[in-house]
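The structures come next, written out as C-alpha cells.
What follows is a pair of complexes built around chain A, which joins chain B in one and chain C in the other.
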Partner chain A sequence: MSIARPRPLLIAGKYAALLGYLTFALFPLYWLLKIAITPDQLIFTEGTQLWPSSLTFDNFRTVLFQTDFLAYFGNSLYVSLGTAAATTLIAAGAGYAFSRFDFGGKKIIIAVMLITQMFPLLMIIAPIYKIVASFGMLNSLTSLIVVYTAFNIPFATFLMQSFFDGIPKDLEEAAMMDGCSRFQALRKVIFPLTLPGLGATLGFVFTAAWSELLFALMLISKNEAMTFPMGLLTFVSKFSVDWGQMMAAGVLALIPSCLFFIFIQRYLVQGLTSGAVKG
Partner chain B sequence: MARIELRNVVKRYGAVEVLRDINLDVEDGEFIVLVGPSGCGKSTLLRMIAGLEPITAGDFMIDDIRMNDVRPRDRDIAMVFQSYALYPHMDVARNMGFSMEIRKDPATERASRVKQAADTLGLTALTERLPKALSGGQRQRVAMGRAIIRDPRAFLFDEPLSNLDAALRVEMRLEIARLHQKLGATMIYVTHDQVEALTLADRIVVLNGGDIQQVGSPLDLYERPANKFVAQFIGSPTMNLVPIKGRPEGVTLADGALLKLPHLPDSPDAIELGIRPEHIEVTDQGDLSGIADVVEHLGSDTNIYLNVEKLGPLMVRKHGNIPIRPGERVGLRIQPENVHLFAPDGSALRRASPNMAA
Partner chain C sequence: MTTRSQAIDVSGETRARRSLYWQYMVEPFLYLSPAIVLIGTVMLIPLIVGISYSFQAIELLNPFNTGWVGLENYQQLWSDRKFWIALENTFWWTFWSISFQFLLGLGLAMLLNTQFYGKKLFQALVFLPWAVPTFLSALTWAWLFNPVIGPLPHWMVALGILSEPYNIMGDPEIAMWGPIVANIWFGVPFFAITLLAALQSIPSELYEAAEIDGASAWQTFTKITLPFLAPMIAITVMLRTIWIANFADLIYVMTGGGPANSTQIVSSYIFTTAFRKLDFGYASAIAVALLFILLIYAVILLWLRKKLVKI
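On to the complex of A and B.
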C-alpha cells in the first residue's frame, strides 16, 4: 500500500540523469564559447582549463570587422531562409496530397522519394555539379537554394504528411458541411492546426541548409558567394588554424539558429488538436 | 425542410459493393433511424447524402431536384459527426457560429444566434472555452449547436451519442427528441442502440450486408419483422428461434408437441419458429417445460435462461420478480398470437391479420 509517496532518491536520480545528459550535450557549446573569449596566447598554454584566466572580445571584433564574415553570414541567411521557405511550401502541398488524396502513382512517387534518400550525397555530387554548370549557375546562391530544396523535399514531405495524418479527416468534412470549399477548409481549419508541423519543418530545413558544406564547396568558389560554413574554413590556413576567431565565428553563427527556434518554438507545442474529438 | 429520395442508389469501392440498390423516401420532417450491424454501410449511406462520398449509381434527390453531384456546402444539410469534429483552435461560440462566419452573415446576427443556441443547449457559461476544456457531453452539445444554428434543410447524425455514458445518453436522447419536435426538420440518424432507434424514429431502416432489409415504424418492425434478420436484430433481448415442422393449422416442435396457430395461415414450408422472450408465459399448464439454467433478477424484470429437452435453449422474460431458482423445472406456454414463422430462406410468413400481438 505505498502509492504516490514522493521518493526523494528517485527524483534525485532523475535530475542527475537529466543533468548528465545536458552536460554531455551542451559541453561542446560551452567549449566553443570558452575558446572564443580566450586570448590567443592562452589558448594552448591553458589548454584544458575550464575557465581562462583572462577574457577578451578581440576575436569577435576581428571576425566582425576584419574578415568577410558578415557577407558569408548574409549569404547563409539568404540561402537558408530561401530553402526553408521553398521546401516547406512544396512539402506542405505534397504532404497534404499524400495524406488526403488517393491518386494513381502515389505509391511509386513515395518509393522514388525514399530512394533519393538512400544514396550518400558524395556519389551524386559530380552529376549535380555538371547540371548546375550547364545551366551556368555556378557561384550563385540561387543554385544552392534549388539544390538544397531538392534534397530536403522528400524528408520534409514525409514530416508534413505525418502532421496532416494527425489531423482528423472529420474536421475538414465538418468544415465542408459548414459551407467551406475544400480550400476554405484548408485555410480556416487545417492550416491553423498544421502550424506546429510547419514550424518543425521550417526549423529542420533551415538548420540543415545553415550548416551544409559539401554542396556549397562544390558549387561555390567565389569569395562573395560563400556561405558561412565555407567561411569557417577560411580560418584554416596552410600553416595554422586560427582557433579563437573560428570559434568566435561559430558562436555568432549559432545566433540565427537560436533566434529562429525561439521564434517557432511556440508553434512546436504539441496537443494543438486536442479536444477535436472525444479523447 | 426537405423531402429526401434515394432511387436505386449503389455504392462501390472498386470491386467491393458496399450498398446495393437502395430505395428510400424520407418525408419532410420525418425522423428516420438507420440501424444495422457494424460494417453494413450505414455511415456510407449517410455520407453519400451529406455529399462527402460520391454516389456510384442511382439518383439522390432533395425536394425532387437531383443532387448527386452537388457539393456538400450547397446541399444545405447539417451533420453531427460521431467524433464531434469540433474545431480545436476555435472557442465554443466560434465553433457554433462557423457556418455563419463562412456565409458572411452579419456579426450581430451571428452573435445572437449563437447565444440562442447556447441557451437552448445549456452551453451559455461555456461559450469562451476551447473544445479541449469541455467534457464529452458538452462537446456533443457543441456539435449539435453547430448543426442547429444554420437552420438547415435536414440533419444527419452518425452515432452522435455512442461516446457518452449511459445517463448522459438518455439525457441527450431526450434532447434530440425535443429538438426534432421543436424544429420539425427532416432528420436521419444512425445508431447501434436499439432503444435510441425505437424511441426516436418515425421509421426505422434496417440495413444488412448492403441491402435494406425492412423499412417501417418501430412497432411494425417489432410486431411484423419481414425476415429472420430483422426479427433478431430488433427487440432486446433477442427473439428465440426454435426449429419446427410446418403442418396444416400449426406446427410440430422438435419434441413432438403440436402447437396450434389459428392466427397464421397454413405454412407447411416453415422451418423455424420465432418467439420473443416476453411472449413466453411461465405456467404449469404449458405446452413445454424446461430446466432453468441462469436466472437474472433485474428488479423490474426477471430473465430466465432455460434448457428445453430436444428444443435447445430458450430465454424468457417476465415482468416483476419471479422466485425461480436455477435447476428448477419451469412450465412454459408459447403465446400463439405472438409467434413468427420463417421459411428456409429466412423470410417471415405473413400473418393473416395485421393487428395481433399484445
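On to the complex of A and C.
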C-alpha cells in the first residue's frame, strides 16, 4: 500500500476536529468537577470562571460522611452488579441459541425482542408496580434487579449473538467430535474465547442499571433501599438544591461507571466488528 | 440380509429424527428459556395489562370512579390540544437529536478509523458521555445553560447567537434546544461505536483498489464507505429514533416540559399524566398512541431498507 503524501492542511484539520470532539465530550464533565471543588460562597460569584480562585474538598467530605451517600452507593452497586451478572448470564444463553441453532419460532422470538425495544417503558410502569406490590416485593432491591434484568436482556442478547457469530463453528464441532457434549464444548472451548464479549455486555448493562431512575422511584420508597440516582434527587429536594454537594456526589457516581466503560469500550467495538465480519 | 439392513436403517432414521427433534425443538430452548420467561413476565404481560388500562378509567386520586370506559380515553386524546403539541415537539426533538447525533457520530467514527497519536486514550475519553447517568447529564447541562453559573449563555452572546445572556430554556421559542444539545452530547458515542464497528469491517482491499484506480476521497466515501455502512445506518437510526422518541428523562429533569408546554414531548406527557395527575388510564392511552406511531415508522423504515439495501 502506497503512503499518501501528508497534506499539512488536512492533518491540521483532523487534529482540530479531534480537539473539538474532545472538548465537547469533556467540558460538561470538567464543569461538574469544577463546581464540586468550588467553595460554596464562590459558586455564584465566580460561576462563569473557568477555574475557581480557591479550592475545597469540603463538598466531598460532607457527602461522604454526613449523608446517606455511602448507603445509596452500596445499594446501587449491589443492584447494578446483580443486574449485570444475571443479564449477562441469561443473554449469553439466548445469544448462543440465536447464533448456533436454527429452530422453530426463532424469527418470532427475535421480533418480540425487537418490539420490547420499541414501546415506551413508561407504559408498563403502573402494571409492574401492581405486580411487584402483589408479591410484597416493594422496597426490595431484588425486585429492581429482576426488572432491570428483563429490560436489558434483549439488547444484551443481540450483543452476545454478534460475539458468538464471530467465533467459528468449527471449533465446537471439533470438540464435539472428540466426545464433548455441546454444553461441555460451550464451557471449555467457546466460553474462554467470548470473555471480551462477556466483559462488554457486563459493562454495558452495569452502566444502564447504574443510571436508571424511573422504576427505582416507583418501586422504592424507603430511604434504606434507595439507589444512587434517587439519592441525588434527595440532594435536590432536601437541601434546596445544594449544588456543590450534588456535583460532588455526581463526580463520585461517575467513577464506577466510567471505570467500567473505559475498560469495556474497545471490546464493544471489537465485538460488534467481529460479528459484522464473519456473521 | 435385506431385512436386517432395513432394521438398521429404520433405527438409524428414528435416532436421526430424534436428534433432529432435539436440536430443532428442545435444545435451543434450554438456552433461551430464562430470557423468554423473564421478558414474558416482566415486559409482555405488563404490556398487555397496560394496553387494557387504556380502555379503563384508573385514577388513583379518584378511586371510586374506575371501570371499563371503552374508547373514552382515546376520544379525549383526539381532542386534547396538548397531545398534538407534544406530538409535534416529539417530531422536532427526535429529528434534530438524531440528525446531529448521526452526523457527529459518523464524523467521529471516521476519525477513529484513522491512525493518530494517543488514539486509545482519545477513544476512551470521547465515549465517556455515554457512561454518565442521564439524570446527572441533564443537571449538568441545565447548569451550563444557566447564565448565573454556567458559561454557555455568555459564549452565545459573544458569538452573536443571543442578544443578552439569558437561559434559553426559559424562552418557549428555543427552549427545546437545551435538552436537544444534552441529548446530542449523550448520544454521539453510541453512533460512533456502532459506525466504527461497521467501518472496521469494510475490507481494506476495496480502498486499495480505489486508490490504484485514482478515486478521489469523496468518491471513495460515496462509492465504498456509505454503501457498506448503509445496513448498519438503517438499523441504528431506526433503533435510536425509537429510543429518543421514548426518552423522557432529559426533558423531564431539564425543563419539566415547560415553559408553556414548549418542550413537552409525548413520552414526558405520559410521565406527567401518570405521576402528577395519577391518571393511569389516560396515560396508557397516550402510550398506546405513541407505540402505534412508532410501529408505523419502523415498518416504513424496514420496508425502505429492504428496497434500497441489497446486502
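We take it that the second predicted complex is superposed on the first by the 250 of 279 C-alpha atoms of A that agree within 3 Å, B and C clash if a C-alpha of one lies under 4 Å from a C-alpha of the other, contacts with A are read in each partner's own complex, and residues count from 1 in each chain.
Following the convention adopted for this analysis, a contact is a pair of C-beta atoms (placed from the backbone, for glycine too) under 8 Å apart; a residue touches a chain by one contact, two chains touch by 3 or more.
Everything numeric here is computed off the predicted structure, so don't read it as measured data.
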| task | Identify the partner contact of A:S181: answer first if only chain B is touched, second if only chain C is, both if each is, neither if none is. | result | first
| request: Would you sort A:L232 into first (chain B), second (chain C), both or neither based on which partner it touches? | output: second
| request: Return first, second, both or neither, reflecting whether A:T157 touches chain B, chain C, both chains, or no partner chain. | output: second
| query | In the superposed arrangement, which partner chain does A:E173 touch: chain B (first), chain C (second), both, or neither? | reply | first
| query | Touch check for A:L193: first (chain B), second (chain C), both, or neither? | reply | first
| request: Specify the partner with more touching residues on chain A, choosing between chain B and chain C. | output: C
| Taking the superposition as given, does A:I255 touch the first partner, chain B, the second, chain C, both, or neither? | neither
| message | Taking the superposition on A as described, I'd like to know which of chain B and chain C A:L70 touches: first, second, both or neither. | response | neither
| message | After overlaying the two complexes on chain A, where does the chain B footprint on chain A coincide with the chain C footprint? | response | 271-273, 276-277
| remark: Interface with chain B, chain A side, in the complex: residues 168, 170-171, 173-181, 184, 188-189, 192-193, 271-279
| task | Sort out for me which residues of chain B touch chain A in the complex. | result | 50-52, 71-73, 77-79, 81, 83-89, 98-99, 102-103, 130-134, 136, 139, 146, 150, 163
| field | List of chain C residues in touch with chain A within their complex | value | 23-25, 27-29, 31-32, 34-36, 38-39, 41-47, 49-50, 53, 58, 104, 107-108, 111, 114, 116, 120, 122-137, 139-141, 143-144, 148-151, 154, 185, 188-189, 193-194, 196-198, 200-201, 208, 211, 232, 239, 242-243, 246, 248-249, 267, 270-271, 274, 280, 283-284, 287-288, 290-291, 294-295, 298
| note | In the complex, the residues of chain A that touch chain C are 1-2, 4, 14-15, 17-18, 21-22, 24-26, 28-29, 31-32, 35, 43-44, 47-48, 50, 90-91, 93-94, 96-97, 101-104, 106, 109, 112-113, 116-128, 130-131, 146-147, 149-151, 153-154, 157, 182, 207, 210-211, 213-214, 228-229, 232-233, 243, 246, 250, 253-254, 257-258, 260-262, 265-266, 268-273, 276-277
